[in-house]
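Okay, got some structures for you below.
First chain A sits with chain B, and in the next complex the same chain sits with chain C.
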Partner chain A sequence: MNQASQATLARARDANLDWRELATRYRVLLVSAFLLAFPLVMPFTALAINILIYGLYALGFNLLFGYLGLLSFGHAALLGAGAYFCGIAIVHFGMPWFAAIAIGVLGGVITAAAIGALATRTRGIYFAMVTLALSQCVYYLFYQAVDWTGGENGLRGINVREIGIFGISFDFINPMTRYYVVAGFVILALIVLSRILASPFGAVIEAVRENEERARASGYNVTLVRLITFILSGAFCGLAGALYALQLSTVPIEIMHYETSGLAVMMCLLGGMGTFFGPFVGAAVFLMLENLVSLWTVHWQLIVGAVFMICVLFFPRGIWGTLTMRGKS
Partner chain B sequence: MAGLTLDLIALQLFTGVALGAVYVLLAIGLSLIFGMLTVVNFAHGAFYMLGAYAGLFLMTQGVNFWVCLLLVPLLVGGIGLAVERVLIRPLYGRGIDYPLLLTFGLSYVIVELVRIGFGKTGYPVDTPELLQGAVDIGVGYFPLYRLFVIGATAVILFGLWLFLERTSFGLIIRAGARDPEIIRVLGVNVRRVWLVVFGLGTGIAALAGLLAAPLQGVIPEMGGPVLAEAFVVTVVGGMGSLLGAVLAGLLVGIVVSITSLFAPEMAKVSIFALMAVVLLVRPQGFFGRAGLMS
Partner chain C sequence: MSAGEIILRTDGVGKSFGKFTALKAVSAEFRRGAITAIIGPNGAGKSTYFNLLCGAFRPSTGRVEFEGRDVTGLPQHRFAHMGVAKSFQITNVFPQLSTHENIRVAAQARVARFDIWRPRARLTELGDEADAILERVGLWDRRERVAGALAHGEQRALEIGMALASRPRLLLLDEPTAGMSPEETRVMMELIVKLAEERTVILVEHKMKLVMGISDRLLVLHHGELLAEGTPDDIRRNETVKRVYLGQREH
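This part shows the complex of A and B:
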């Protein structure tokens, strides 16, 4: 493309600058502002914290599914490893909270590297099946390591009562403080994700999704790109898992369950895959729906499953994706 | 390890084959559906569970076990037909992930509906009277029912082979798996073939659930772990290959039962270790991506 046409394009882009593009440009700022005000409008802070944590989990999943185009059904293993590593660091080694969170991220990274190394050897449709099978394997391993993980009873006793940031001690039992600590980590993750997506590597990720053959022909090692993205995704999910452990002060074995993997898929698709805001929108809608439906029936999974199917059939772009596409076409 | 004799290992081998028979039936349905429709059926475990519950329900209504063997696959296969026609058909041509996601959502709905109908707790299922007890198979006494599962699977496989190899509809299915475009040009209604294949696959899954019910009882969540294990079988055998599904299913069953003899706590993990080895050595599986019957 020559310079003149590039300049024309740039001008055209500026002319059409609408709310969507502005939103994309200031995406981290926007989400951060929203997250800071969010608990003030929520009826329960606990729900708001859950939305943050699951939103972060869905965000990690979205990096793989939405941006790279790989459908994983094994992300519960990454979230669970983060939670267990963080919990074990506190319960068995008495580590301070910030070190435990770092260990949690490491747990997500290690598990992602192990699963990813095997799963990225497969192509296409195998990937979903292999990740599901391997996460089931991780589930059994953690289930059986009773001495470390508590097995069926879950890991208990992750009691962090207060946390010190730059010498100031905060009361971690207070839900609002807890929310803003978690929000701080989530915003940090958002900045990192935004940087990744804006980097040349981010462009390669989307290139692989759009046309694998062409990316390979351009000299990129597609398998390696996939593995690195899977590991990055594991880091985000590991962080979400660590925050989950701190928030719940226990790690139930169900976190590694196959249904937790499905949760990421549902939230991501509900919100809009491959969009920056989608995972949080999806997590918020999903958890609020779950809260609302479970008020009048214990069978909320029926509603959730049906809503998800309707979403797949009629709104594959998800809520955020559908909203942003409406004015464009 | 003192009590380990060759006979014991041989017996455990038979147990493995019986366990593998259930995997074979599950994987063959998955493979059949994938080979034709390129749909990975994530609701396959739910259909398996549905088959077990349908059998339990019919038997409490006084229906004979042997009649159930006929009714259950027809019933659940019929549900499968409706699912393909109403839910999956609109998604053809929209990318391989969408039918997968849809069937995933569907599995939630099916499991929850069963919970509503039968409650959250599981039930034991009685072994049919005629098949109770054990028989001497040379190396020791072996439960008759497990022997029956092996035999029934062999009969189903033989029937399926006859259907695919010796009937004109089977010919269309095999051709459709190779190249749906050509058989469409030849005037075959491919959509109808897909419909039948989905019904057939889900029917076989239901039969697997019914056969497994007396071995392990029924519970609404029984389809989840089984789905993961069936995926391992299809990955090891090669997706879309029926022969691969049979061999890999038996292999997985044998590996599980032999591991549980030496290290019971590693039995579940051994399945995935096997898959890891196959992925490292031969990522496409034993018979991956060849024609449907090759």
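This part shows the complex of A and C:
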């Protein structure tokens, strides 16, 4: 090995460490700082909380879609399972809030394992169709289990008024408190995601996305890699669902509707698939458009649809992807 | 582990795709430490046979034995774990990843397949190993380049590098010089001979002349059957082989 050339190369690399690489290195810190200040610039806090929750949902979806390259049309089942599991834990079992959130994550994981075990054997359009079909099965399962889920009326009575953190009691009715509790979980999720992406398995995820056949020949069990990533994605979506249930105090059955699955695709594409912060940008743009445009027209979806098309046609990297890739050769 | 013993054996392996039989019951033995070339005209079943050897296809009939163990129908990733690596006929790399990362991730398959928590930057020995392999296959100065942007010959060399990263005892190469210029072909042939000093090599080649000089043994396939087997001299003298190869011009 040429030691001299190696050292020169290493020095050249350090000198080229530009703001983008620095931003990537400290991405969790930067995003956390932004999230802490975020509600101060928003018109109302409930919107900021929704952006966090949907952003987290889109982040879970992005791990599968953006990083592994599998398009799922069934993520509503994962979000919904998280919300229902968390809600049921509180309403039917009277569990404390943090245990209910853990149950919600578990709900996402179990549902992802069940759907993933069947769906990860397929790919491309078949994967999309199988996940859609299976998520519809999950939808009807929860729809029919009226005693547990409230059926079409939704699961009501998830009332968490106060939460205790390290012995201190916080008023969960206060929107700001709510925001920062949710933000705490989102930051935790970001730390976990960042670690996964930087881990050896993160490299495997990228390799499978790049070339499945080559990954298999190198010794990776591609089906298992897909299943594990699907389950990890389910954990993030389950957490988002649990927070959703706490935020709304109820779980409407519409959360499992396939439109919710489409929402994840849309937010992810808007913000930038395969980017760390893109899902949150996508969720923010979508929900802000929905909230602001619906103030002056009931046809807000027309505007959102137009923005979405412009993004897909002219900014295939999405909003965040385009911003961060600017000037990069 | 001595040279000369049988490393890989196929016992009547065949493969059909629907009604079409691509390969009919081929039985052959491959010796450890040797370079064995599988040759034959177009459509002879070379690639099908190759894919059975490396585990990409499951044989319709017969069995495959690696180091005395029945490996018939094992999933492909298990072949890599056992010490069988392959390069593809059509260049097959991770196009958006850097040349270095291509090899690093291939090497990582030996040590950390499902580790989701430790930072991979800490697996420094894999990075060093990738560097050593890059040097070996002559791609050191392409280290940071995105693999998809490499020249054709360089991508083929990268593929060999990725196969080496799994530290195989058996290296399978499917037409390693396909689409290469004469100069690139010469470099590749030299590399193959060098690699064969430390491991067993089986390669599929369409151009008979190319492998005559470097192979210890040759298998000739024709119409999905084993037509002849032997040293380059045996094959050169074989009348049936001559007829098959003269009957259709080399491309």
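Methods note: the second predicted complex is superposed on the first by the 317 of 329 C-alpha atoms of A that agree within 3 Å, B and C clash if a C-alpha of one lies under 4 Å from a C-alpha of the other, contacts with A are read in each partner's own complex, and residues count from 1 in each chain.
FYI, contacts are C-beta pairs under 8 Å (C-beta built on N, C-alpha and C of every residue); 3 or more make two chains touch, one makes a residue touch a chain.
The structure presented is a predicted model; accordingly, all values stated were derived computationally and were not measured.
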Of the two partner chains, chain B (first) and chain C (second), which one does A:319 touch, if any: first, second, both, or neither?
-> neither
Check whether A:269 is in contact with chain B, with chain C, with both or with neither, and answer first, second, both or neither.
-> first
Is A:210 touching the first partner chain B, the second partner chain C, both, or neither of them?
-> second
After superposition on the shared chain, which partner residues are touched by A:118: those of chain B (first), chain C (second), both, or neither?
-> first
Go through the superposed model and pick first if A:141 touches only chain B, second if only chain C, both, or neither.
-> first
So, does A:132 touch the first partner chain B, the second partner chain C, both, or neither?
-> first
Have a look at where A:309 lands relative to chain B and chain C in the superposition and call it first, second, both or neither.
-> first
Can you name the residues of chain B that touch chain A in the complex?
-> 34, 38, 40, 42, 87, 90-91, 94, 96-98, 100-102, 104-109, 111-113, 115-116, 224-225, 227-229, 231-232, 234-235, 239, 265, 268-269, 271-273, 275-276, 279-280, 283
In their shared complex, at which residues does chain A touch chain C?
-> 1-2, 5-6, 9, 195-196, 198-204, 206-207, 210-211, 213-222, 224-225, 228, 232
Interface residues, chain C side, partner chain A - complex = 54, 56, 75-77, 80-81, 85-86, 88, 92-97, 101, 104-106, 108-110, 112-121, 123, 131-132, 135, 140, 143, 162, 165-166
Within their complex, chain A touches chain B through residues 71, 73, 118, 121-126, 128-130, 132-134, 136-137, 140-141, 144, 258-259, 262, 265-266, 269, 299, 301-302, 304-306, 308-309, 311-313, 316
